[in-house]
Amino acid sequence: MKKLINETKIRVRFSEVDSVGFVWHGHYVKYIEDGREAWGKQFGFSYMDMYHNKFIAPIVKVDIDYKSPLKTEDEAIITTEYIYTKAAKLTFNFTITNARTGKIVIKAKTIQIFMDLKENLMLSNPEFIDKWQQKYLF
Amino acid sequence: MKKLINETKIRVRFSEVDSVGFVWHGHYVKYIEDGREAWGKQFGFSYMDMYHNKFIAPIVKVDIDYKSPLKTEDEAIITTEYIYTKAAKLTFNFTITNARTGKIVIKAKTIQIFMDLKENLMLSNPEFIDKWQQKYLF
Amino acid sequence: MKKLINETKIRVRFSEVDSVGFVWHGHYVKYIEDGREAWGKQFGFSYMDMYHNKFIAPIVKVDIDYKSPLKTEDEAIITTEYIYTKAAKLTFNFTITNARTGKIVIKAKTIQIFMDLKENLMLSNPEFIDKWQQKYLF
Amino acid sequence: MKKLINETKIRVRFSEVDSVGFVWHGHYVKYIEDGREAWGKQFGFSYMDMYHNKFIAPIVKVDIDYKSPLKTEDEAIITTEYIYTKAAKLTFNFTITNARTGKIVIKAKTIQIFMDLKENLMLSNPEFIDKWQQKYLF
């Protein structure tokens, strides 16, 4: 099984820094979605692909551990890794690292499930996922 | 013609204050949308009503003049006024006032046009708008 | 020991609903901060109080489990509960419930640590916290 | 006098698209700030430079005209142009263009004033601005 890991760089925006001088903790949910989207672009997997294949993949879990804050004008590397499981789920691990200091900023994990367009839970992988795993993962 | 004016109160969130100590200027677009939604609730006019009547009302103009900043834990009054025009448009004027000091924070204006659900511009008012004006405005 | 629980109501904004029709998952971090701020207002505990007492309380953990989505124009109840621990930390549990259906929307947990204004970790509670616990909790 | 124009590319995020399928209009304030920050990086002008020179440049005006919407997974070019005026102000014009279709998405303008760190309005340019104009503009 291949490791499917993407690295993408972000730059802290002025509007993301709070009055204490730290990036507000909620913005990291957006950063890890940036990571997941960059990962999807690299490995042939986008929201639109899912939608055209008549399923969606809503987030059911976000866990973030904050290690050190990003500050004004910092740049950071988002590392996004696909975690294979047998269950009909998408799991990703994320590490954000300060690009200047190398310090770990956050560790995070997200889990997504599959639903058809009528919002019924899919208990096994959509065909699209099986084909995608054959092409990219195995 | 009646004046259709709503007043609604907001409280500045920690996450909305920037590193200089001011509410970041972009958040005021959200505040005036809060004003427009509170206005819509008072005067029978919501996004869902429009959608069920098979049109949308995208924003085509936002002008904001910033007079004095809101800061941490400030509360403010958003005053939203419907401006009648003959054109097939929705126009609103907004004033946000600091609830403690009474100082004007911003003055703003938005203009919306009407489109059918295939994104064609509607050159005259949707029937819903005519009926709504008869009921609330005249 | 008293239970310190706040309930506050929110209304979904148009801008918070994604193209699938669900509130985007990242907005819940803001909602639970709304809960924590309403809790703080009820129980005498604000960011400004901390700052005036020369410490800050950065978030070190956010865990969110998503149970059912909020949608356009939904209203929801945020229940915020303070969880006492002996450690020099602030822990809160959150439940968001759909105000119309009563369904649970999310369960969440946040942990905050204490730092002085030079960003040094405080290993024991700031005096402000001890006094606050005496007044409100015991 | 030189023309100081920056072009930077952005990609629409999933979280920025509303339930109608358009990028929510408020996100464009963030996009044009992205443009201004990229411009500042190219032409030696950042929030931190200002802060170290003991002044800030709060926004006093944002005008946006929306021409055509960005949608899911679109990419766009932000063109940011510095507009010289004799007044102690910073003025920028922005055009956002759909990278695929070439269609204009928005036209916008922002004006900033200068304040010292005690929030007093500066009626003439800070020395930093004069020097910067000598180096980059004339």
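A, B, C and D are the chain letters, set down in written order, and residue numbers restart from 1 in every chain.
To be clear about the criterion, contacts are C-beta pairs under 8 Å (C-beta built on N, C-alpha and C of every residue); 3 or more make two chains touch, one makes a residue touch a chain.
Please read these numbers as outputs of a predicted model, since none were measured by experiment.
Summarising the inter-chain layout, the chain whose CA centre lies farthest from the centre of subunit B is A. Two chain pairs, A-C and A-B, are weighed by contacting C-beta pairs, with A-C ahead. Per-chain CA centroids place subunit A at a distance of 34 Å from subunit B.
Taking each chain's centre as the mean of its C-alpha atoms, subunit A lies 29 Å from subunit D. Taking the mean of the C-alpha atoms as each chain's centre, subunit A and subunit C sit 24 Å apart. Of all residues in subunit B, those that touch two or more other chains are 14-15, 26, 30, 33, 72. On the side of subunit B, the complex with subunit D involves touching residues 20, 22, 25-26, 29-30, 33, 56, 58-66, 69.
On subunit A, the positions that touch subunit D within their shared complex are 11, 13-15, 30, 33-34, 37, 46-48, 72-73. Contact residues on subunit B toward subunit A in their complex (touch as defined above): 14-15, 17-19, 21, 24, 26, 72.
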